[in-house]
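Dumping the structure here so I can ask a few things about it.
Naming follows writing order (A, B, C and D), and every chain is counted from residue 1.
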């Protein structure tokens, strides 16, 4: 799927070889369950944490609809932000205090009722900032027709402030 | 409050005199109740629709917290997007099919537990696009210390596609 | 090169088959020469217009340097904006009055002295808006290490206002 | 002028009293002249460094025009970025290695031929990041009709890396 979508591969991050994963899917699910209660409101579910990307899903609920009968923007924004969080933690470990500093989203197509999927990739992992992009598509549509595109920056706390 | 915050006044939109309001607070609340069910998930409440700005509130709930004990970004993004929607409709009337085309948010300070408020102002109202900015602050903090700042663009459907 | 970079392929635009090109490289160069005199200030040169992407270059000049001895941000922003312009015109034809409505750039790495390259891809081509992303890299570095990433929206004038 | 525009006042930064200026207008002009040669290409001139804002101007030149006879976006982006740089240095001192990490611009109206002015204000000054907004208007138009609005983040190097 990832290759089929042609999403920028990890070369974009400049690394040689596979990056090391520092968080398992199970560990991130636990963080979502216990520490991000709003994620359940939005039907968020972590699906894959891989060396070069993570994938999350917003499981459709009727209450996600906005006028016009399409999935509302805030659901997509919440999904994308959580995907970036999972991506950053997968590379730096469970540093829960990593926080978004900015997020820009372009809404491209209106998603028909159905699950929305998000795949996040790193553009840069620095000591203080991590920048990534997130592609969002609708299960009710084609994976090649993005419903939204996000870029976002996370701030990584210095080692002494991670607790 | 608005003046005290020094938020850009309507002069920025270039209008002479007071712009005409085309949507009442009650009408927007009805749209939220009946057509935006996700708004209730996020505790959103419309508080004021005025000629030069609108103000919405996210009524605090424990489930809004993220690691670190502060209000999560998706709540702020949902609040800001709804504020822009209210703002645009207040100026063009109940054109429910107006949709966000892009939104950029800078997270400035971590909001302690408590309600978050948002005030939206227009930067430009064109025939096809409306651009605005939204200032967000926390009731638990000072109104002059923004917790986030948003700019966003809404696409206004042509008259023949408004139904 | 394009494949090696793993940049999102045209599937992202949802098209079947190759999109039709409506502007040649020569035609865009003429527009740059005759109608965009600031492009010469920034050393901009169009290098390729292909069905799924365009590529432009900012030919290095000492006066592009900022403190720290790296290429200044405004050069990268001008390059990216021109790349998006070329991309949009390549798909809609020489509609010179197409204009940028918003642009977001993340600066990822400081480019050492040398040419900067930009490759632009469409995320969506609508009737009124075109959205794309631009990857920028430095000839003095590795193409897989982006120096900046841009998303941008162009407004496409209606047919009756294209002259 | 500033008050008349209603631009967010320094209260937005949360400071008590007047912030201390750590860079004079003359010092910033020297940095522009000696260290930012591209600024001259764009006709940039620093006009005011005040406790709560800075103001820069792009002195009009025919070569700034784009198709349609209006001032090109890259001139506005270069002007806004330089205004943010001046603003940040005015508050942290001549830390030349401060760099933009992201910039988002909304183009609101097409500026007729003439000088473009920019006024930058801080939204937050942290230890590692400074966030601000920039209002741009055209001398050929009304100061209350912005031609563009920018938000931008600068990264502030740690003390040991400032030289």
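Simple rule for what comes next: a contact is a pair of C-beta atoms (placed from the backbone, for glycine too) under 8 Å apart; a residue touches a chain by one contact, two chains touch by 3 or more.
Keep in mind that this is a model prediction, so the values were computed, not measured.
Novice: Count the C-beta pairs in contact for A-C and for A-D, then report the pair with the higher count.
Specialist: Spelling it out, more C-beta pairs touch across A-C than across the other pair.
Novice: Check the residue numbers that subunit C and subunit D use where they touch, and answer same if over half are used by both copies, otherwise different.
Specialist: Answer same: the two copies use largely identical residue numbers here.
Novice: By mean C-alpha coordinates, which chain is most distant from subunit B?
Specialist: Relative to subunit B, the chain whose C-alpha centre sits farthest away is C.
Novice: Could you tell me the distance, in whole angstrom, between the mean C-alpha positions of subunit A and subunit C?
Specialist: Roughly 26 Å separates the two chain centres.
Novice: State, to the nearest whole Å, the distance from the C-alpha centre of subunit C to the C-alpha centre of subunit D.
Specialist: 24
Novice: Taking each chain's centre as its mean C-alpha position, how far apart are subunit A and subunit D in Å?
Specialist: Roughly 32 Å, centre to centre.
Novice: Among all residues of subunit A, which ones touch two or more of the remaining chains?
Specialist: Within subunit A, the residues that touch at least two other chains are 101-102, 104, 106, 153.
Novice: Hey, which residues of subunit B end up touching subunit A in the complex?
Specialist: Touch residues, subunit B against subunit A: 31, 35-38, 40-42, 62-68, 72-75, 77-78, 81-82, 96-97, 99-107, 110.
Novice: Would you pull the subunit A residues touching subunit D in the complex into a rising list?
Specialist: Interface residues on the subunit A side: 101-102, 104, 128-129, 153, 155.
Novice: List the residues on subunit D that touch subunit B in their complex, please.
Specialist: Contact set of subunit D toward subunit B: 4-9, 11-12, 14, 104, 106, 108-109, 123-124, 131, 133, 135, 142, 144-146, 149, 151, 153.
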